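The structures come next, written out as structure tokens.
In what comes next, chain A is part of two complexes: it sits with chain B in the first one and with chain C in the second one.
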Partner chain A sequence: MDATVFLQQLVNGLSIGLVYALVAIGFTLIFGVLNVVNFAHGEVFTVGAFGGLLVITMLAPPLWVVLLLVLLIGGFSGFALERLAFRPFRRFADEASLKSKAMREATLLSSLAVSIIVRELLELKFSGEMQTIPQSFLLQSPIALGPVLITDGNLVIFGSSALMLGALQYILFRTRVGMAIRAVSNNVLGAQFVGIDTNRTIIATFVVGSLMGGIAGIMVGLYQGAIFPHMGFEPGIKAFVAMVMGGLSSPGGAVICALIIGVSETFATQFVSDGWKALVSYGFLLLTLWFFPSGIFATRKEKM
Partner chain B sequence: MNGLSKLLSLAALAWGFAAPALAQTPITIGYQLPLTGTQSQYGEVFRNSAVMQLEKLNAAGGVGGRKVEILFEDSKSDPKEAVAIARKFVDDKRIIAVLGDFASGPSMAAGEVYGKEGMAQLSQTASHPDFLKVSNWQFRNITTQAQEGPFNARWMHGAGIKTVAVIGLQNDWGLSATGEFAKEFEKLGGKVVATELFNPGTRDFRAILTKVSQRKPEAVYLAMFYEEGALMLQQARQLSLAARIHSASPFYAPKLVELAGPAANGVFISSTFVAESTAPNVKAFVEEYKKRYGSEPNQFAAQAFDAVGIMFEAIKRAGPNATRAQMRDALAATADYPGVTGTTTFDKQSREPAKVLSRMEIQAGKFVVLR
Partner chain C sequence: MARHLNRWLILALVVVLVGLSMANKSYLNQVAITTMIFIVLTASLNYVTGTAGLLSLGHAAFFGVGAYAAALLSTKAGWSFWFTLPAAGVITAAIGIVVALPTMRLVSIYFAVATLGIGEMLYVTMLNWVGLTRGPMGIRSIPAIELPGAKALGLSSTEVSMLAVALVMLASLWAMHRLSHSFYGNSLRALREDDACADAMGIDIARLKLEAFAVSCFFAGIAGALFAHTTGYISPESFRFGESILVLSMAVIGGLGSLYGSVIGAVVLSVLPEALRELGSFRMIVVGLVLFLSILFLPRGLLGEVSALDLVRRQLRRAPAAGGRRRW
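Up next is the complex of A and B:
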């Protein structure tokens, strides 16, 4: 394999990895706070894509306006999701119910239910097929970097993931909301003892995580040229793998693992065949669970 | 919930038509097809076409004074669901024959049940060579890849292409489509420089395309459906793939051009159905479909329209009180059915439908028939 093909495949792999990474950031954030998997995160991604498409077809504004509006849509869907699927299972604030595994695991199913309902409603409204995207909005214009071809979509996705990860670090470590999120994620009861409003903190987490999921949806939709009701499933699964590999509640670790998965999938296609690439990501998952049961980038619980 | 409510509303619809002939029980046909899940877009157009045929038949008085009804069941294109539906249909004494399923995998899985229990099954799309080998009860209204693959191989070889790369779906259909094409192309003396298969649901093809373009094929043969196809064409354009692109009838869909835009131009495909055809029955079908559903029918809609039509002709031949065995024989006797996908005759021995394939090229966003 010559150097050009190697570089091109590396770029291809990194761009797939970034797609998974965008989804994984929101995923890990919510897991960190609630200690439970939010199965509806893939649908937040889909809702972001459909919301963005509606904005595009109705208003046709410049791309940055689309992205801003999708941020709002994503944030709102996170808020609604929390209300529908998570809040009803946190009615009691006593110690026993806060520590109850059953209560937590109930939200596993309620979020799955919301995800199925949202997907079927979208299918009813828009049909199951891929939506037509106005050509001028597709993020697919080729840009030549020497012999390697990238697209404007690569730049947009790369730029915004870097921006989002930076913003996330800032929010988590430099703002009161971020401190509260970290405190709740560390110990819910302890956070309540020092006067943190856990409900508000949880809502904030969902809003932040979902606005990232939503914006990932529209960017990936425009980059791949594919927006349809089932689009959230595959990135959701891969982001889940990245999250588990990265240590469940470490957004940075999840991003690195997502990139590793993307690149290794691409090289699996190059050297073996595309049909085998799923084996690579699930193989990684198995290896991680065997050798690093708490994830590669798991940090020890901080003492606050 | 979704599938059930659709089913109920259709049952209500059929009931509405059946109402005048309340005393008469309707003749019942089962139709298994994906109405939810990732392949629901195909099931939807099948149902569109089936409803058109059904309303036409019942408006003309049905068969022998009895109305006809179709029971739609959602298989999600899942072999397990397909088998469960087949059992249900077989147990339903009213049902005399069955249409569907969509993909070859579920169709063949359900076919095992129909073969054992003795129920004729007519699929509009199952084009795997082994589908008709499941039992004597299977029929189809689609050219197989054993016909279409070699047709395209001869076309490409005739155009002077010596090296080709094949990219296809990793499922029963895709394996037969890529295999039948490659076999004929190599027999003609051409060279297949790469065969790449991908799992259904893949959306990023850049890794495959980079790998394929490294082998510098003169042409690429795409054995897949129009949605993956549209993504593939866009990404091929973005990576400046320098090869002529050919594909088969599943590419014949207006949606392909809508999704892929200018990236679809210059692609060559084979097809049995030609919406631009001047034949009066095709024109009438295209116009009515557009009027009802607001979009041009694709290859799949046409395939289903004819399959339902062939089924109704068989009911007419077998009579209003036909048994399942009589329905099988009536279907087997299908000859010169004047459909929108061409005149169809089922072969006496193999039961394969014989159809004529056209060559098309996408030019400036339009499917143009090449003479």
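Up next is the complex of A and C:
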């Protein structure tokens, strides 16, 4: 493999890795505050893509407006998801029941149920086929960067992911909402003692996580030119793997692992056929669980 | 009384299913056969997830391993159903043990994640190992089930399938009932409730987990063999993550930890989509809604596990009526 191909694949791998990273952040934030895996997160990704598509076909605004509107849609879907699938099961606010095993199992299954319903509704409305995206919005026009050919989709993904990750860093460490999220994720009871409203914090977590998931959805849709009701499954699983590798509730670790997964998956296509590519991430998952049972970047004691 | 009620319930279900088969409509026969296969599959998932408390998110893949084992043994090696059935179970259990060995140390959500990964790996293998599994084309013309002496009795081939599947289902349910309603089953429940405590009581938890997983995979393999021989055609699409979730939903709706619940859950979720066929594409939505509502309003399922404490309470309440004798 010569240097050009290497660079080319690196760019592609990093783009897809960044998308996984954006999805994985939502997983880790939500796991942090509730200790539960949100199985409907892949559907937030899909909803972001379809929302973007609707905006494009109805209004046809410039790309940055599309992205902003998708942010809104993603945030709203996170809010709705929390209300539907998580809030009804939270009858008590103390830590013991907030992060209890029964809660975890109930919300895991309820988020699964919501994801089934959302996916089937989308399929009913839009049919299971790939959607047609207006040509002018496809992020596939090539840009020659020396010998390496990238597309404007790569640039958009790099740019907006960097922006989103920076914003996330700012929100988590510089704003009251972010501090509340970190506090609840660290110690619910302690957070309540200092007057943090756990319910509002949980909603904020879902909104922030889903913003990222939704925008990842529309970017992948335009970059790969494929928007369909089942599109959330694969990035969902990959992001899930990244979350586990990163130590479940560490957003930084999840981002790094998502990039590792994206890049190694892309390089794997050089050696094996496309179908076997999926084994790479599951292989990583099992190796991680084998050698680092609580994730590579796990910082604090796991609370299972 | 409650136990007898449950047994009658199962018997009634069997009668209904057999009755459906005798209705002499191949569509109803097919529904009944599928339902019975899903009963075995759900009960096997319930054994590991409900009784032993190990959430498995890749169960459909083991179902698939059993189906492929039976299909390949019968089409390539020419084995008959009664040999492929146990072979499929044993092969699935063996593969289950091999892939699950490294995950046995994992607890709770990590175990669930690992089974999800294993399930997807098995699916990807089924899809891409074209040399063995013919990949997405699937395996066709798997011979149907044959019973000795069926011709003499004048049974049609669907009736033979029905009978054989019903027999295997009853045998599997009986075996799983014996396993889970015993001291051995109680040690599995101890593992579910608190594995550290079970460990301290001298239970070998790693071995117990492995055994529970192997038993569960064995019966999933049996269900897979039934599926392969009754449909005659299998392809990897039937063994994806979504199918695992469907089976999990069946176990949850029926009540995790309860064998009877699994039977009810499997029946509800297999018959409901068929009954709602007129609704067309709405039926999966209805399944999702049923799952959601049952978690919300029936957290223990339609026919949940009766806890030991409840049993004692019931005994105490009934005691005066039974002649004032307190039976413990």
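The rule is short, and it goes like this: the second predicted complex is superposed on the first by the 296 of 304 C-alpha atoms of A that agree within 3 Å, B and C clash if a C-alpha of one lies under 4 Å from a C-alpha of the other, contacts with A are read in each partner's own complex, and residues count from 1 in each chain.
Keep this in mind: a contact is a pair of C-beta atoms (placed from the backbone, for glycine too) under 8 Å apart; a residue touches a chain by one contact, two chains touch by 3 or more.
This one's a predicted model, so the numbers in the text were calculated from it and none came from an experiment.
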Check your understanding: After the chain A overlay, clash or fit between chain B and chain C?
Key -> clash
Point to revise | Which superposed partner A:W290 touches (first chain B, second chain C, both, neither) | key: second
Practice item. Could you tell me if A:L138 is touching chain B, chain C, both of them or neither one (first, second, both, neither)? Key: first
Review point. Touch check for A:E120: first (chain B), second (chain C), both, or neither?
Key: both
Exercise for review: With the two complexes superposed on chain A, say which partner A:M103 touches: chain B (first), chain C (second), both, or neither.
Suggested key: neither
Practice item. Identify the partner contact of A:L63: answer first if only chain B is touched, second if only chain C is, both if each is, neither if none is. Key: neither
Check your understanding: Of the two partner chains, chain B (first) and chain C (second), which one does A:V241 touch, if any: first, second, both, or neither?
Key -> second
Exercise for review: May I ask you to decide whether A:G275 touches chain B, chain C, both, or neither, giving the answer as first, second, both or neither?
Suggested key: both
Check your understanding: Of the partners chain B and chain C, which touch A:N12 in the superposed model: first, second, both, neither?
Key -> first
Practice item. For A:E129, select first, second, both or neither according to whether it touches chain B, chain C, the two together, or no partner. Key: first
Study note, to complete from the structure: The only stretch of chain C that collides with chain B once the two complexes are overlaid, out of 225-233, 243-251, 261-269 or 297-305, is 225-233
Practice item. Pick out the shared contact residues on chain A: the ones touching chain B in one complex and chain C in the other. Key: 120, 123-124, 233, 273, 275, 278
Review point. In their complex, what parts of chain A are in touch with chain C?
Key: 37, 85, 88-89, 101-102, 104-106, 109-110, 112-114, 116-117, 120-121, 123-124, 233, 237, 240-241, 244, 248, 273, 275-276, 278-279, 282-283, 285-286, 289-290, 293-294, 304
Review point. What residues of chain B sit close enough to touch chain A in their complex?
Key: 1-2, 36-41, 44, 170, 196-199, 201-204, 206-208, 210-211, 214, 227, 230-231, 234-235, 237-240, 255, 258-262
Study note, to complete from the structure: Listed in rising order, the residues of chain A that touch chain B in the complex are 1, 5, 8-9, 12-13, 15-16, 19, 120, 123-124, 127-130, 132-133, 135, 138, 140-142, 149, 151, 224-226, 228, 230-231, 233-234, 265-266, 269-270, 273-275, 278
Check your understanding: Where on chain C does chain A make contact in their complex?
Key -> 55, 102-103, 105-110, 112-114, 116-118, 120-121, 124-125, 127-128, 241, 245, 248-249, 252, 281-282, 284-285, 287-289, 291-292, 295-296, 299
